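The data blocks that follow each hold one structure.
Next come two complexes, and both contain subunit A; in the first it sits with subunit B, in the second with subunit C.
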Partner chain A sequence: MTHSFKTGLMLAGLALGALGLADPSPAHAEDDPIRVGSFLAVTGPASFLGDPELKTLEMYIERLNESGGLNGRAVDLVHYDTAGDANKARTFVKRLLEEDEVDVILGGSTTGTTMAVIPLVERAEVPFVSFAGGVSIIDPVKPWVFKTPHTDRMACEKIFEDMQGRDITRVALISGTGGFGKSMRGQCMDVAPTFGIEIVADETYGPGDTDMVAQLTKIKNTEGVEAVVNAGFGQGPAIVTKNVAQLGFTVPLYQSHGVASKKFIELAGDAAEGVRLPAAALLVAEKLPMDDPQRPVVVGYKATYEAVHGEGSVSTFGGHALDGLMLYKGAVEAAGGIEPAAVRDALENTRGYMGTAGEVTMSADDHLGLGLSAFRMLEIRDGDWALVE
Partner chain B sequence: MAHNVRPSGYSKFAKKQTYTRRMGTKKNRAQMLLSERGGGLSLLILVILVLPLFLANNYHYDVVVNIGINAIVVVGLNLLIGHAGQISLGHAGFFGLGAYVSAVLTARYGVHGLVALPVGALGVGILAYAIARPVLRLSGHYLAMATLGVGLIIHIVISREAWLTGGPDGMYVPPLEVMGVAVYGGPVWYWIVAGALILAVWLSLNVIDSPVGRALRGLNGSEVAAQAAGVDTTRYKVMVFVLSAVMAAVAGSLAAHFSEFVSPTKASFLQSILFVTMVVLGGMASTFGAVLGAVMLTLLPQVLADFADYEQVILGLIMMAVMIALPKGLVPTLTALVKRWVRRAGS
Partner chain C sequence: MPPAFVEFLQFLLSGITSGAIYALVGLGFALIYNASHVINFAQGEFVMLGGMLTWALMSAGLDLPLAIGAAVALTVLAGLALEKLAIEPARDADVVTLIIITIGAGIFLRGVVSVTLGKDFHPLPSFSGDDPISVLGATIMPQSLWVLGVSALVVIALQLFFRYTLLGKSILATSYNRDAARLMGVNVGFVLLLSFGLSAMLGAMAGILIAPITATNFEVGIILGLKGFAAAILGGLGNGLGAIVGGLLLGIIESLGAGYISSDYKDAMAFVVILGVLFFMPSGLFGRRRTERV
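Then we have the complex of A and B:
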């Protein structure tokens, strides 16, 4: 009995000791590596975002270190996989802030995970660049929060701008009821009046619907519809495109940036001919004119990424991560160090940075800094993208 | 003094009769220490008192507070699954509903957090009662299906009603305020959640050791036999279902204020599965098993996060190993071992 009791005590002591030892607090010195923290949805339903983002960060941080690091200091990436779960994101960001003591946080693949951690980074006063789409991340502006991807609102504006050029004023909207379609529908309704556009029909379809003929017939029978805008991603838009062709409906059809992938052309087939959509320049990297200032950036990223991960693997989402990393790099170089407040100010003062998403010029009340030039209007011709200018 | 003996056979002046005395089942000291109500609760309080010494920063507190919140839900769920033998695959729904009632009332309507919490608990209790009456007539797979449906419906409503709940992206929750001071930070929340957990465990242990608990065990063993013995089985099933739903709702409210953010993942089907897994892994019908299950399944993903891609594989292997080696769950198997060991050492 006594013997076993002693063994028990020793075990308990060992366990406590291990707990105590497991917490080395890292001391920061001038020549220590710069610690970049990241939390991305590498697995789970949003992995199509997180996976290329993480690959891009890893690849470019390695390149950065090979070329002598940032301000002469090596860069370390600390990454955790959120699987798209906002609660996990919160815990991991606490870990990044409190335990890993990172100097900057890049990431948050989805709007949900980003929004969940904003109170934490605001309180900790660490610069944070998100790769998520939602406009609510930077509107209203939060001092420590920045983001790189274009927003739904800009996609709507780009579409309406193109319509103005074609003298279209009466528009029918058909949108998916999923998060993306819903958000974009709201934004389009919001900005339509500023472009003199009138929404004359507003239809929706569910995420699992396989036929939208009913909604489109209603739109077709609406008086004076001059164009149809479809907000949604996944299969829905391909079905809408096919149904429009089947109905012999000849008005211009606009899709959103949510379908900007070759998969969409495959799914919609011949019906996709003549469909227009706003998309990031990366999609048409090689088709950009030689004198386009964005050409070297997107062609360079595409070549670098595809050299490692295979032909056709590049996506705009990885580009958002590259932009985030490069914005931080620029800010550190401008601030001459990694002191959080100085880096934050430098980020806010970013002027004319050319990224994969477009030219970024930030200000105290714009923490995105992209103009409408970020989107290119594409038209599908002969089963491929073509630039509309 | 024959007139002092009552017709029931008990003396007015003798010691108060209790269940344990009457049945002659009073425990000796060693047994008391190994029992859940004696040693178990003391050990839990001791661990909770000592633990802050090992928590170095807010991240550690965050993990521990999450463990506590999950443990409250799982302790409640264990009453339903472990003791009453009724499965629920929808408890994350009640958890999420509690969280969203607190979130919406405080953020959108300016209701005080301390008012929103009981409102949420009461609302979920009424909902659970309304659902329980018809649903608990079912058993086995049908009951699992029905509770699964309830959980899914709650999840869908939360994700779809974006004007109220913020939709799939979630919404902010203002921090809890007590007398004008915002409750924020790991250490404060540690004590709040610790208090709630001790209360939940104490409540659970007392329910188990009461006539209600015996009725529940009876209906778990054989519902027909329990009915034949005069137990109103539906009433007890509904009672324990409502109790566990309310505990989940309270934990949800605490979670909402603690994280200052709610998203529909809190109410998702996978979260429900996770709660059930915690009960099974820790050991069914063991309150501390439930706590240990919550500890393991909240802590392991954090510990294994460094293994990145292999995290899920290692987690799966650990769970498989536990279920193969200790099929009754961690705590029941281990306490049985210790009891055998004590008996051998004593003889």
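Then we have the complex of A and C:
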């Protein structure tokens, strides 16, 4: 009886002591964990983005902590699932900023959720790295906002650059009417003149369409078409590819990075032979030449991710999250602390960081920092990807 | 052949292929509407089930013909279950209530498939290869011939069924006058069950025939169901021939519209034609004119 009473007293004393130690510290003591806030579309229609992104963040933050943390401090992840809803994103980011008092925000799986929270982040003056594709996130440049994935404008540029090498100048465009196809169509139209490319036909198809033969027949009968570009994702591009083969239409066919997955080859079957498309290096990690500076990064990420989540599970989207986390890590190390303004400046001064998306060199008027080398031009040969030299 | 003719033929062939699928789906709407005056908005999900189940069974190791047979049978079971478990218990409710039940059933089926079979697109192999066949300079895929051939066979078989079997005749009788049919000893409840089974079969077949061309996923039924519904309305709800003509017409308008005018307004043009037809012929091309007796 007496014994257990004494023990209880001791425990209480210990607990009080522990509280006493933790209590008087300000919000951010030197040895407190660094708080990384995140809001991703882990469920809902954009879950194919948010799910690998969250898994990547969790995995690499754990690894970071195991190896001694960031600048000697542990890293805590605070995450909320937006389900791709911009309203929820706003609510959660507000909570991250006001209640969780995070030091950085990584995330926003979609352009919609990212754009919705930019005003909040700008007002709170907290560094923010988005994983979403839209070019409007960093154009015009906003002081506190950065992003990691390449844009559809760069995909167009990569395609047109490849065409220049093949002396192609007259191009037909066929695009899906969904958000992705529409946006890329606009960007391609916009950059075509810079590459001396003339768009001679411009057709569209709806998201549920089962047959694009009519549009392609029209393109085929257009005078002097030298190549076809298809902007879209989902099953549409596979149907376009099959229809092109059906019509015996032999000009080069370019697909977009929207279908850069094995699924596309499976859906389009033999018709996919010879199709070219721009894609992130991650897709062909093992096929990169040994001396490619990006090889260790993408092969490493692929191995790490697939060791936990299974063979073939890696996607470029998770890679965007890894790049975001590593950019922040680099910036904190460069700034020597987590003071927001210093980290922001360090992010902007990122030079030559090699990530899964490519080599990143930021500047005051480029908060993406990727060159065209971010994309690799691939060709489908024998049902597999091949790098175009 | 002059190029302009080849072009026209190409548009026509591709329009007829899409149209045949719309016709099969539309026919499913017509069958159920006839038996119950319910518009079954889960019809598109039957289409989806046909394709998805065939894919699932094939990846489980079944041969294509066997997988198709089993998928059709399972979809028919789903159709019967929908009638037994959702429509029949609410048989005294308004038609509108029943229609809402079918919308709910559709959402439920989509959900079940997305959770159990995943959200990815899946291809089915073409039934007889992928080498295009040349028709007077235009090309058509062997799978399109399957679509057209099977659709034609189904239509003929349905005609024979309705004309020469007692069961078929009792369905027709119920559609003409439900109460009179009941007084004549037709088991109206069974007719309703049967019509759901038949519609599910038509939907599943449409879904399987089109899957090698377009690939299939858990949401493919939404748009195909909508197009089939439009076909049924255009032809006159409840008229089998109307659904077929409506479906083919819809497919051809879409294809010619996309080819000759603008692919941006492809769907819009089809619906403008439908609205135009309904404006002048409110009960569709082949619909029975309803007169209200005072």
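Just so it is clear, the second predicted complex is superposed on the first by the 363 of 389 C-alpha atoms of A that agree within 3 Å, B and C clash if a C-alpha of one lies under 4 Å from a C-alpha of the other, contacts with A are read in each partner's own complex, and residues count from 1 in each chain.
The working rule: a contact is a pair of C-beta atoms (placed from the backbone, for glycine too) under 8 Å apart; a residue touches a chain by one contact, two chains touch by 3 or more.
Predicted model, so just to flag it, every value in this text is computed and none were measured.
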| item | value |
| --- | --- |
| Partner chain in contact with A:97 - subunit B first, subunit C second, else both or neither | first |
| Touching partner for A:115 - first (subunit B), second (subunit C), both, neither | first |
| Subunit B versus subunit C as contact partner of A:235, first or second or both or neither | second |
| Set of subunit A residues, in rising order, touched by both subunit B and subunit C | 177 |
| Complex contact set, residues of subunit C against subunit A | 3, 7, 10-11, 13-15, 17-18, 21, 120-121, 123, 130, 132, 139-141, 210, 213-215, 217, 220, 222-224, 254-256, 258-259, 263-264, 266-267 |
| Subunit C-facing residues of subunit A, complex | 177, 203-211, 213-215, 217-218, 221, 234-235, 238-239, 242, 245-248, 263, 266-267, 269-271 |
| Interfacial residue positions of subunit A with respect to subunit B in the complex | 1, 4, 16, 19-20, 23, 25, 43, 79-81, 85-88, 90-92, 94-95, 97-99, 110-112, 115-116, 119, 134, 136, 177, 179, 182 |
| Residue numbers on subunit B that touch subunit A, as the complex places them | 54, 56-60, 62-63, 66, 160, 162, 167-170, 172, 259-261, 263, 265-266, 301-302, 305, 308, 311-312, 341, 345 |
